[in-house]
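Chain lettering (A, B, C and D) follows the sequence in which the chains are written, and residue indices restart at 1 in each chain.
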Amino acid sequence: MGINIAFWVLAVLAATGALAVVSARSLFRTALGLVLCFLSIAGLFFTLSADFLGIVQVLIYVGAIAVLLIMAIMLTRDVEKGNLPSTLKIPALVSGLAFAGLSVWVMLNTSWQVSSEAPTTPTASTLGNLLFDQGGLVLGVEIAAMLLLAALIGAISAAREK
Amino acid sequence: MNSHLLSLIIFLPLAGALLIGTYPRIPAGVVKYAALAFTLSVLALSVILLFRFDRQANGMQFQEIYSWIPALAAYYRLGIDGISLPLVALTSLLSVVAVLMSWKVENRTREFFIWLLVLESSVLGVFCALDLLLFFIFWEVEVVPVYFLISIWGSGDRRHSATKYVLFTLLGSALMLAGIVSLYYSTGSLDMVAIAGSGAAIAQTLLPAVPIFFLLLAGFAVKLPVVPFHSWQPDAYTDAPAAVTVMLAGSLAKMGGYGMIRLCVSIFPEVARRYAPIMLALAVIGIIYGAAIAFRQTNLKRLIAYSSISHMGFVLLGIFALSQTSLVGASLQMVSHGLITALLFCTASIIMDTTGENDIRRLGGLARQMPSTATFFMLAGLGALGLPSTSGFAAEFTTFLGSYSSSEVAGIKVFVLVALLGVLLAAAYVLWTIQRVLFGPVLPVFNDSRDADMRQKTYCGLFVILIFFVGLYPMAVVSIVQNSTAGVIKLLGG
Amino acid sequence: MHIMSIPSALIWAVWLLPLGAFALISPLIRPFPGKAEPASFISIGAVGISFALSLWILASVLQAPDRQIILHGADWLSISGGPVFNFGLLIDPLSAVMLSVVTSVSLMVQVYSRAYMHSDPSYLRYFALISLFTAAMLGLIVSSNLLSTFAFWELVGLSSYLLIGFWFHRPSAVAAAKKAFLVTRIGDVGFLAALLVLYTKTGTLDITALNSPGVLSAISGGVLTWAALGLFLGAMGKSGQFPLHVWLPDAMEGPTPVSALIHAATMVAAGVFLVARMYPLFQAAPHALTVVAIVGAFSAVFAATMGLVMKDIKRVLAYSTISQLGLMMLGIATGGVWVGIFYLFNHAFFKSLLFLGAGSVNHATGTFDLREMGGLRKKIPWTFAFFVLAAVSLSGIWPLAGFFSKEGVLAAALDKQPVLFGFALLTTFLTAFYIFRVVFLVFFGDYRGSHGPHESSRIMLVPMGLLAVPAVASGWLNANGGFEHFLGDGATHGFWSGFIGALAHPLALFSLLAALLGVFSAYTLYIKRWISPDKVKWFLRSPYAIFTRKYGMDELYENIIARNALYRGVFQAADWTDRVVIGGASAGIASLTTGAGRVLRRFQTGQIQLYAVAAVLGMTAIVLIALVRG
Amino acid sequence: MTAGLNNYLVLSAVLFSIGLYGALSRKNAVVVLMCVEIMLNAANLSLVAFSRFVTPVALSGQTVAIFSITAAAAEVAVGLAVVIALYRQRGTVDVNDINLLKW
């Protein structure tokens, strides 16, 4: 029951945050909306008994990505212009609504094979085994590491002063 | 050594190209010697091939089979039979001549010879490949060097001609690829010989046989070229540098005829028989049409290009007459046309280089100023008009005889009788050209025209010897070809 | 008298020797070599030995069983499951006679040429080509397979081309050479088609096999007629029969000895030889034989009329040759092989002698134009004597050679084709008239030229003298039917009753009368001038105009057909099609593509969000369609 | 009403669509990037939801989400670097002004 209430509250908060991102005038409010959205999603992760991911979400998205984005806003001096819509506001709205309609319709009309088993908690050790154990996704982890390294180098070289 | 002879032949020029490409400090003067050495060694190997080839045996020889892409059942599969062997030999000979003809290339010499060697490799690969995928890859690779050779070292509207060449070839080969893919999905195999051997017994039909036949044919028809898919050819032949024209006309055009025999006729004998009248009509149209247009040309190379269309019509005629003799005739004609047209283009380029003039109307009386070149040009012309004792006669007569007496195609007699007029027209435009270019009053403008030098005389002389050798002793080629063509005819169920 | 039969190697040598001479001389050819006397000795030596060998062959054939010697050579082509063509030699009386004709005339002409071509810078090339021609002509005669006959047939055409265009800096010579090659090639296409038909029907091109009754009866009549007509088309081209005669007068652009050898005695007779060679085949196709007779008779009169009015001595002789070849065709078609070949045999000698005489006149006067000659009989008496002998022989006046052969043709024609006999008789009259017109204009009256005429050197006169002997006497070989017996099939015409007896036949009187009338008319017009030639010309101005314009045939071929119908018509249409229709199609497709690109590229605004909107909407649409349809 | 799988999925779809709308309609490149992050988060949310309701024990959806978060981090890093580089070059981060990719 508590989880249900939590879901509805968090869902509304996440949607509000997202709407703030796309509609707020000030870029700072946009950023705050984003943080709100991220945090609500972290909460939703907890309601899904994904404790590890919830923490990761807070750490990475709220702690790193949102901060990075805010820094980017500050670095580019378009702040005073605010968060303006482009010429494609209406087509974008149509696309968004079409996509939403389609995906909601598909989701509701699909009979998912819902399992009634109790979820694994806590998840950290299971995930750790899944990723690093024998037969796990070590290769994937390595590739992700390479990707991060490459992105790091790429970002530095792209952004550095010539 | 013996079992890898074909690989060696195909990849030796490529190795030469890599060597020249990777050691940029080789002086330009040495590059051409290197290219000559590589092409000469390929020629030597194909001569070995000619001697080691078992003329009595049926089927493929010198086969090499290695698994290549197991998932596709694609093999690295090489082999030659009597139909491809003469073309391999011809290509390696023409490559040597092409290098010799390019002795004076000053502009970007290194690249020129690299592309020339790559071209040789790919053409040889087409003639040796027995796997459809491999065949197709070699077929496509050839486009690249030709494009650069024409667009960088060509003359006239060279970029236009090069682009036209590429577009036509790619259009043809795109359709051909579709054909190959459908064939693959229909048979589950890429082995050209095995597919042909299983004949009409195609396992599951993705497409009916008829569309596959025409898809494959499209690529070959553009290459041969068959009228009305020829409009790239006069442009390309005219604007390409002389050596490349020789390769294009002498060797690359034969890829079309070869492919028709090897894929279209061998794999779809029934379809070939059903649609033979159409192909024969196109052949006859090509013979007459090419000759008719040749009369109107004022550019020497363009005239030879149209005569080439006319002569390749005989190849098409021989192939789709579907008889043993006519196929032998078509093979002979491919070899003969390779030699004769190459010599025509060689001499024409000597004339055009030294006089700086390619307009027939402004040439004349050159027989006095450059007697050797004139002699070579005349001999080539006599071959082109099918004078007995030249290879042109042996080939055309065999084609006519085989076609006329063929019982496979109804109404073929009429086609052959009309095609005979091509011989008459050939005589007319050849002699008229000789009259306008070589004979008549001596023009003082060309007084300082240089006759052919030793290098040029050597390769022209070589062509003359071969033209007369094949003409007087056609069995030299026929004995190689006949068992393989008989194999093709057997597929027809005749 | 028994003569040792000739070894087969020597039969091969007959034609290989001149070929060897060609092979020896031709590498020596340089543009301006100076004198190269030895070359002519090689060439003359080779043909001299060939001449001796051909006499030996002639003698051997008489003794051979079936009067035939067949030598198998190498297979030129043998395709497994296809045709086999053996290049062999067939020696029978026909080819033996032809061999001796060709070698003897070639020998005489080559000796003559040593003086005639003395100062020409391309002396070497001349002898190389003459040797090539001789070899090809001899090969044509002896080959046992129609395919090799055809090959040599084309090769003599080539050497004829090269010799007509010998002075290739002269545009007229080159044009004439090309014309000769092309017109004869029209005939050759017929020949080639006949080969295809015959091979397809019989599976062989061996002459002996094709002529055997068994093989011939296997072919249906219609096909056989077409095959025979195809062969005859080839013969018409080579022998200058109407309507393919136009090349021969132009061929006179070549050196005169070449005209004597190729365009009078030997190559042009190859057509007659071909018909004779395939005579059994023609016999099995009587319609074709009738065509041969008609074409021959018509050409005979047709060419003779043009010979009446030509102003160039060589052209008169050229038309005369066409006319005489027509009579040979008529002779073969009506009387059989021996009639035509006997005519050919005699004609070869007196006609080449006439040409050599014309060459000698040319040496004396520096021209071939009849209007610039006259009164030469005192200045060049030897030439005069030989020329007149040959002219009398050509006119068919007893007892010279021409009489006997002409009687054969006339008798046969009267027997089989009475209408055509009239043509032949008319030809006799015209022949006598035009040749004596030449004689009178050249040798009588007053000299009208400006050159100081002088007799030719002995090197030229001796061969002429030697040719004069057969020109006078070769006809006597058949005075008692000897030649007929040698070549014929046994059928006799009951006409021949000896050298003098032949005169007793009423037909002989008729033809003699016609010939003498011709001579007399010429005498009236050109010596006595009882009637002025100009008056006759005016009186007959319309036929005269037609004759001098060669019936408009040159105009028809060169201007109407070649230049307008083909070059400016069909060929231009093809060229236009190629440039506009086919070239336009490919250019059109190209510009359609670029045009489409020019329009469609406007959608590429660079606005990444627009692309994304399109992608999202597109993806949504695809999923929607998949859902609805699935 | 119990929050089941469908609730989470619909929420995820709504968040994704909002993000999509933003990504397609905002002028500022940084905001566009933010919207992309919202879309990624929406995707992660559905992954985790599937993980919870379809494979509650195996947690395979969560592993995928981890990789997705990693990729998102890399994407943001590179994306922002590009934005900054662009800003340096052209003095703006307005996507309407960045239209080099045109004919």
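Convention: a contact is a pair of C-beta atoms (placed from the backbone, for glycine too) under 8 Å apart; a residue touches a chain by one contact, two chains touch by 3 or more.
This is a predicted model, so every value here is computed, not measured.
Ranked by how close its mean Cα position lies to the mean of all protein Cα atoms, the top chain is B.
The mean-CA centres of subunit B and subunit C are about 37 angstrom from one another, to the nearest whole unit.
Chain centres here are Cα averages; for subunit B and subunit D they lie 59 Å apart. Separating the CA-averaged centres of subunit A and subunit C is a span of 99 Å.
Averaging C-alpha coordinates per chain places the centre of subunit A 6 Å away from that of subunit D.
Looking at subunit A, residues 86-88, 91-92, 95, 99 sit in touch with two or more other chains.
Residue positions 607, 609, 613, 616 of subunit C each touch two or more of the other chains. With touch defined as above, residues shared between interfaces to two or more other chains in subunit D number as follows: 20, 23-25, 95-96.
Of all possible chain pairings, those that touch are A-C, A-D, B-C, C-D. Per the touch definition, subunit C reaches subunit A in the complex via residues 607, 609-610, 613, 616-617, 620, 623-624, 627.
Contact residues on subunit D toward subunit C in their complex (touch as defined above): 20, 23-25, 32, 95-96, 98-103. Residue ranges of subunit C in contact with subunit D, taken from their complex: 601-602, 604-609, 612-613, 616.
On the side of subunit B, the complex with subunit C involves touching residues 164, 167-168, 227-228, 230-232, 289, 292-293, 295-296, 323-325, 328, 365, 367-368, 371, 382, 387-389, 393-394, 397-398, 400-402, 404-405, 416-417, 420-421, 423-424, 427-428, 431-432, 435, 438-442, 474-475, 478, 482-483, 486, 489. The touching residues of subunit A, when paired with subunit C in their complex, are 86-88, 91-92, 94-95, 98-99, 102, 106.
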